[in-house]
Each structure stands twice: as C-alpha cells, then as structure tokens.
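Heads up, the next two complexes both have chain A, just with different partners, chain B and then chain C.
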Partner chain A sequence: MRRLLNGILPPVIVLIATIIIAEVLIRALGIAEYLLPRPTAVFKVFHEQYPDLLRSLWTTAEAALIGFGCSAVFGLLIALFLSTSRLVQRAFYPYTVFFQTVPVVAIAPLLVIWFDAGLKAVAICAFIVSVFPVIANSLAGLLSTEPALRDMFRLYGAGWWATMWKLKLPSALPNIVTGLRIAAGLAVIGTIVGEFVAGVLDVNPGLGIKVIEAKKYGQTDVVFAAVLTASLLGLLMLAAVNFLGWLLLRRWHASEQG
Partner chain B sequence: MHESSSPGTLGSAAISLRGVSRIFDGGVEAVRAMDLDVAAGEFVALIGPSGCGKSTLLRIIAGLDRATCGTVAIAPAAPLAFVFQDAHLLPWRNVLRNVTLPLELAGMEKTRRIERAMTAIEQVGLADAIKRYPAQLSGGMRMRVSLARALVTDPGLLLLDEPFAALDEITRQQLDEQLRELWARRKMTVLFVTHSINEATFLADRAIVFTRRPARIVIDHRLDLPPKRMSVLRAEPTFARQTGILLEALQRGNT
Partner chain C sequence: MRMSKWVIVAMLALMPAVASAQNKKVTFALNWVPEPEFGGIYEAQRGGAFAKHGVEVSIQPGGAGAPTWQLVASGKADFAVASADEVVIARSRGADVVAVFTIYQTCPQGIMVHASRGLKSIKEVFDPGGGTIAMEVGLPYGKFLQQKFGFDKVKRVSYDGGIGNFLADKMFSQQCFVFSEPLAAKKAGADPQTFLVADAGYNPYTGVIIVSRKTLRDDAKTVSAVVAGLTEGWGNYLTDPKPANEMMGKLNKTMVAETFAAAAEAQKPLIESDDTKANRLGWMTLQRWQELCKQLVDLKVVEKSPAAEECFKNPEKP
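Moving on to the complex of A and B:
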C-alpha cells in the first residue's frame, strides 16, 4: 500500500498542480477560449459530452487494438522468418524498414481507394505505424541467444522447433515486450492520423474525426477533450502491455525485479 | 556420435585422438597434432594457460567444433554431457525444470524425467531449492544445478570446461570434493579443463599439461595420490610434490 502510494502520489500531485497553474494563468492573462481553453472548460466538455466521447473512444480503440494486434502477430512472425538465416535477413530486412519510413498520411489515401474509408483502412494505418518496432526488437532478441545455450541445445540433440520454442523465443521475450511497448503508443498515433484521412463521420466518429470536426467549429475545448481521451487510450494500452510483460518476466528478468 | 571411426582404432579407450589439429579461419592455430587416449572411467584434468586451446580441444571432443585434420573417436556407448564455464541455466525455468531439460529434449515422458531429475538434484544437495529460479541462487548453487543437469542423462563421458573458475575458493573446493565423490560413485569418464594446478591435482588421476597456443602436451602425468580424496589432502607433502611436478611442466611449456 505504501509502495503504491509512493508510486502514484508524485505524478498525481504534478498533474493537479499543472491544472491549477494553467487555470490561473489562462484567467490572469485573459487568453481567448478558442485559442486555449481553461482546464475547467475542458472538464465541462468531459462532463457534458462523455457519452459522445466514450463512443468516439470505442471507435478509435477498436481500430487501434486491431492495428496493434496485427503488429504483434505479424511483427513477431516476420521477425521469426527473418531470424531463420543470414541470407533471408539480408534479402528481406531492408524492406521491413519501409514500414518505418513510409509517411502514413501519404499512403492513407491509397488505403481509402483500396478498402474504402472506415475501420479497415484506419486499422491498417495503425498497423503500418506500429509494426516496425515489433519486428526490429523481436529480431534483435531472437538473434542474441546465448551461444553456450545454443551449444547445449545442439549437444542434447534439440531440433529446430524445440530450439525455437524452448530457447530462442523465451530468451527473446524481454525484447519482444519492449517492441510491443513502443508499438502500443504508436498504434494510437497511427489510428488518429489514419482517421484524419480515412475516417468516416457517422454516429460514432473516431477521436481523430472528432478533433477535425470540433476544430472546424472553433470548439477548442472539445479538441482538447478528444486529444486527452486519445492519450488516455495510449496510456491504457501501454499499461496493458506492461502488465503482460510483468506476468511473463517477473520471475526471471532483471527488468521486472525491483 | 560425430566422426565415429571404426571401433578398431578405439580399443578399450573412451576417447582416442590421433593427430588432431585445429586452425581457425583467421589462421590462429589452437591445437597442433594432438594424440590422446583416455580410458573408460578415467578422471583426467587438462591444464594449460588461458587461451591455450584446451577449451577448443574439449569442444572438438564434444562435437561442438571440428578438427581441421586428424581423427576423433568417442566410444559410442557413452552419452556425453558438457558443463560450461558459467552455469548457463535457462533463467525462465526453475531449478527442477532446468535439470529436466536434457531429458525433455530427448523426449522422455514427464513423470520419469522428474524422478530422474530429483535424483540428480539430491546428489548435488539442492533438494530444497527445486522451485527457485536461477536469479534467486548463489553462483555456487547455480553451478550445482548445472552439474545436476549434466548428470541427469547418466553420461558415460562428462566434459567440464573450467566450471568452477568464477567461484570463490571455499565453494570451489566444496564442489571439487563433491564432483570427485560423484565420479567415484558413478562409473563415468571425466575430462576436466582447468587452469588451476591445485584443482587438477585434487580432482584427477591423470593430469595433462599443455603448452601455450597451439596446445601440445608437455607432460601426461599419472598423479601419485590415494583414490579417496579428503580435503586435508591439500595440506599434505605428497600433494605438494604432485603440484610441484605439474607446476614445473606448466612453466616449461610456457617458455
């Protein structure tokens, strides 16, 4: 309990202090509402429009989770494939960097042409933005298996499958979790950007659409509320990955042992 | 087994090397024209300065490395186990599951492999630590687990590559005594690589001293000590006489 309090209290105090200072400063300097809304105005939006925001959150979360899930599965599979041989790695690895370098805003219109605007196109944006860290980290983990342990597995006649399943994959786990951690935040960013281009304005607009619509009508307070909700989504996904990492690594890896 | 040659060349020996050399790709010569015969059930210590190629020799015998030329014959009846310089346990497995690993990889059925692993763990004195993870063990305990993992397959040939080098003196002596006892109880052939003359003298019946790289044999010495080794032996004059012989040979090989 004490540890929990020590962990939570400092950031909460910083948060409350920041809110109070922002409120006071904005009032004192008389900054216009449409430029920078006071925290209390943003709270009011949360209070009055939370059913709308929740629906938007769900639309965005759906796309982000699908994109993230695809990144986790395909990123790991691609890394497994790349780790099979040096030749395969040399031949294909440069092209995976494509995911890292392609500007998703530029490719989103193509996705709209192919898949129409909506969940599918947006989720693919989230996937494109978040898959590379999973590939790169998982691959690094799979390639850095302790040589003596590999020798030992060879000595005991372990086949390819046993070596992968009982040695390489578990020893790559800390790296895989790191990749997923980075991907969780990026998936939300990819979703919002994807929604700007490929989202649809219907009864359940995503948070990205919400931002664009509110901006159009000068509702800066709603923009803030949507942005904060999106960050909250990123935080929740990160927390989920951290929890998963803790479950998998707590017994043996230094990163999860206090 | 690798490079298994005709039984005729092997005779009653557990290991037989003829003209074995190892030259690495960069041109470094680790082992030169080595002839070596080890009888079944012998405890042999290989001593030499660090980096002299004795580890390479051990890896060649284990089949983890190939000789550039020469023949390596290993008695086919002997399953082989290898203990590395560090314990090299799987950190995500507890003690029990680390020790069952070789049997698991061999496809042994679960209840049987746990039974066998428990026996091996008891032999190294870790029966009350089976649920602990490597991160929760001391260096000496980890090495014991590593030893249990090697013994669990009932090896006929046990290869150890400076296994206790990183441990403190007291732990090391304890493990030496334990290993000697385990060897006496099981009928296995042991090859023990070390750079400690004291350790080699205490453990082995036969000590082979190598030169600097490329490794060649300076002397192949049968240790004149009683078969039963107690810790007090280390303080006796006979012990000192034996270490003296080895020390002299080591210095000769280094100049």
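Moving on to the complex of A and C:
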C-alpha cells in the first residue's frame, strides 16, 4: 500500500498543482476562452459531453488497436526475417525506414482511394506510423544475443528453431517491449491524423474528427477535452504494454525487478 | 563625387520610410493562398487603390484552416478574410470581430457531382443519394444540408482538398468552390456538374473582411480607407483581372495563368448583385445577417445568437 502511494502520489500532486496554477493564471491574465480554455471549462465539457466523447474514444480506440496489433505482429515478423542473415538485412532494412519517413498526412488521401474512407484506411495510417519502432527495436534485440550463449547453443547442436525460441527471442524481449511501448503512443497519433483525412463522419466520429469540428466552431474547450481523451487512450495502451512487459520479464530481467 | 553617391544611397534608403510615414501600415491575413478569390485585394495593392486612400497593406497568405478570426481578435492581424458564419461563431465565443466588406454576395460553396449521373438538383445528391460525398468536417453548410436532406443514403468522408477521389469514382461527389475544383476536374478530363448550396437556402456572405471592434472604434478612418481601396480594387479586378492575376501567379505557382483567368471569369456573378449595384461592391444588409444568425442557431452551431447588427458594418466613405 505504501509503495503504491509513493508511486501514485507525486504525479497526482504535480497534476493538481498544474491545474490550479493554469486556472488561476488564465483567470488573472484574462485570456480569452477561444485562445486557451480554463481547466474548469474543459472539465465541464467532460462532464456534459462524456457519452459523446466515449463514443468517439471507442471509434478511435478500435482503429488504434488494430493498427497497433498489426504493427506488433508484422513488425516482429519483419524483424525475425531481417535477422536471418546479413544479406537479407542489407537488402531489405533500408526499405523499412520508409515507414518511419512517410508523411502519413500526404498518403492518407491515397489510402482513401485504395481502401475507402473508414476504419481500414485509418488503421493503416496507425500501422504505418507505429510499425518502424517495433522493427528497429526487435531487430536490435534479435541481433544482440550474448555471443557466449550463442556458442553454447551451437556446441550442443541446437537447431535454428530451438536457438530462436529458447535463446534469441527471450533475450530480445526487453527490446521488443521497448519497441511496442513507442508504438503504442504512435498508433494513437497515427489514428488521429488518419481520421483527419480518412475518417468517416457518421454518428460516431473519431476523436480526430471531433477535434477538427470543435476547432471550426471555436470550441477550444472541446478541442482540449478531445485531445486529453486521446492521450488517455495512449496512456492506457502504454500501461497495457508495460503490464505485458512485466508479465514476460519479471522473473528474469533486471528492468522489471526491484 | 564620393559624397554625392552616399547622399543618393541615404536618400534611397530613406524613401520607403518617408512613404510609410505618410501611409498607415496594416496587416491583412488571408485564409488561403493567392488565388482569384482574393483578386481585388491584390489589385488594390498593385494598382495603388490602397495607397491612394493612405494605407499600406501587407498581405499575408494563409493555409487551409488558418485561424483568421482568432488572429484578428487577438490583435495579431489588423484585417483578415473569414466567412460570415465564422463571424457569428467568433462573436458567440466572445471574440469581438466585425465584418466590414464581403467579397461574395452569393456563397460560392457548392457540391460537385459527375454530370453522367443525371442529377437534377442538390437534393438528389442525398436522396436518392448513393455513392460517397467528401466534405470538410464542421462546415455549417454541411450541417445545413444534413438537416435539410439527411445523410443516411450517402457515405460521408473527410475532404482532403484534392479531386483525386472524384476523378477515380463516378459516384463520388464533393464540396467545392464553384470556380475552383470544377475547373480543375474539367481540365483533368472529367464531367463535373455543380449545385450551389446557396440555391438550397443557405447563403452566408463569404470572403468577408473582418476587423476587431477596437480597430473599428479607434481607427475608423483606416477601416474606411481599406474598404474604399477594396471597393476600387475589386471594381478594377472585375473589369480587367489580368495584371493582378499575373502578380498572384508569381506568388502561387501551382495555378496556371489560364486557370486564373477562368476562375476570375466564373466568380463574377457571385460578386455582383442587386445590392452591389444599388450601393457598392462589398455591401452587406442587416436582413442577410439576421437570417444567418437564425440559421446557425437552428443548426445548433451556436447556442445563442449574437446581435446581427453587431456582426457587420458598412463603413462610411473616407
């Protein structure tokens, strides 16, 4: 209990202090609502519009989770493939960088042409934005197996599959988890940006669409509420990845012990 | 000899300072890149209409979604281009901005469809509907169309600013400025047909020039001077758009000269009306503002309407 308090209390105090200071400053300086809303105005939006925000959150979460899931699976598979030989790596690795450098806003309109606007196109945006960190980190992990252990596996005549399953993958796990952590936040960003261009404007618009609409109507408080909801989604996904990492690593890796 | 050279250099350096000491400097924020929709503004600068009335205008092009009313309300720009519905929204959010000129009497927003579909009216785009329609999120006229015709028979997606989807799909329709996207689509070999949203009953003044109440109160002379310059500039642009088009063509290289000319021609009927003939270009009426305020409340774009009289002012002649 005490440990929990020690963990939770400091950030909560910082949060409350920040909110109070922001509220007081904005009131004292007389900053217009449409430029920067008071925290209490944003709370009011949460209070009054939470059913709407929750629906938007779900639409966005669906796309973000699909994109993130694809990043996890395909990122890891690509990294496994690249780790098989130096030649393969040299031939293909440069092209995976494409995913990191592609301006998703620019190709989202094409995704709409190819896949139609909606969940599929938005999830692909999330995937494109979030897959590279998974590839890069997983590959780094797969390539940095301890040489002594690798030699030992070879001495005992372990096959490719056994070496991969019993040695390389486990020792790459901390890196893979790091890649997933970065990808979790990026997937949310990719989804919001994807929604700007490829979202469908039906009864449950995603948070990205909510942001644009509120901005058009000068409702800065709603913009902030939607943005905070999106970061909450990112936080939840990050927490889930952290939990997964803890499950996988707590028994043997220094990063999850102590 | 050496001395006189320096005197000349000093005089040259001082000249702009002298000129600007006479002319009041103001900034003018656009909500898009230099295109014929701003032709009269550039013409007023180029042809000296602004200078004649004693103002030196620095025109600042913007991008899509440039927050022009926020710029004016917070004093970062003196004048800016916005739309009448934005003025009502801004005022309802407590930003004291006022419209003093309108470029378009008829709102140029429309829906572009493929002529091959044989649609007779804007209603048929939504009912019987079918296909996909691309529209920017949060457009009041989008809400208007939704309320009037319903969007359940057509798939609605975000507008990406291009016409690629339109060219690729015969059942695709999209929002447009009637003198912009349709010209591009035609050039790309498509068969665009357009319906004005104004004909369906939503017709806010568009391309309105806004100032803050403070500027209007403290510096009415400058506002009158800019509006007089705009009136002359637009008058000249309607007669001969070529010089200003050339000037804008240098600033906006993505649009070719023939498109500039075609757009300038196509927008003419939207700029002139019975009101402009009876008064002057850019003239606005209380009745139109009242109608818009009422519509925006009905559409739930604003909760409470600001007073229509305070949304605009037709400045006195300087």
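The rule is short, and it goes like this: the second predicted complex is superposed on the first by the 258 of 258 C-alpha atoms of A that agree within 3 Å, B and C clash if a C-alpha of one lies under 4 Å from a C-alpha of the other, contacts with A are read in each partner's own complex, and residues count from 1 in each chain.
Keep this in mind: a residue touches a chain if its C-beta (ideal position, glycine included) is under 8 Å from a C-beta of that chain, and two chains touch if they have at least 3 such contacts.
In this text the structure is predicted, and so the values were computed from the model without any measurement.
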### Query
On chain A, do chain B and chain C fit together or clash when superposed?
fit
### Task
Applying the touch criterion given at the start, work out whether A:Pro205 contacts chain B, chain C, both or neither, answering first, second, both or neither.
second
### Query
After lining up the shared chain so the two structures overlap, which partner does A:Glu146 touch, if you call chain B first and chain C second: first, second, both or neither?
first
## Note on the structure
Note, angle between chain B and chain C viewed from the Cα centre of chain A, nearest 10 degrees, works out at 150
### Query
Just chain B (first), just chain C (second), both, or neither: which does A:Gly157 touch?
first
### Query
So, does A:Lys215 touch the first partner chain B, the second partner chain C, both, or neither?
second
### Query
Is A:Val24 contacted by the first partner chain B, the second partner chain C, both or neither?
neither
### Query
Does chain A have more residues touched by chain B or by chain C?
C
### Task
Pick one for A:Phe196: touches chain B only (first), chain C only (second), both, or neither.
second
### Message
Let me test your reading of the model: by the given contact rule, A:Ile13 touches which partner, first (chain B), second (chain C), both or neither?
### Response
neither
### Message
Under the stated touch criterion, which partner chain does A:Val112 make contact with: chain B (first), chain C (second), both, or neither?
### Response
second
### Query
In whole Å, what is the nearest CA distance you get between chain B and chain C after the fit?
49
### Touching both chain C and chain B, counted on chain A across the two superposed complexes
none
### Summary
Interface with chain A, chain C side, in the complex: residues 65, 69-70, 73-74, 89-90, 92-95, 132, 135-139, 151, 155-158, 160, 162, 164-165, 168, 301-302
#### Entry: In the complex, chain A residues that touch chain C
32-35, 108-110, 112-113, 116-118, 195-202, 205, 209, 212-219
#### Entry: In the complex with chain B, residue positions of chain A that touch it
146, 148-149, 151-158, 162, 166-167, 170-171, 173, 251-254, 257
### Task
Enumerate the contact residues on chain B facing chain A in the complex.
62-64, 80-82, 84-86, 88, 90-92, 101-102, 104-106, 133-135, 153
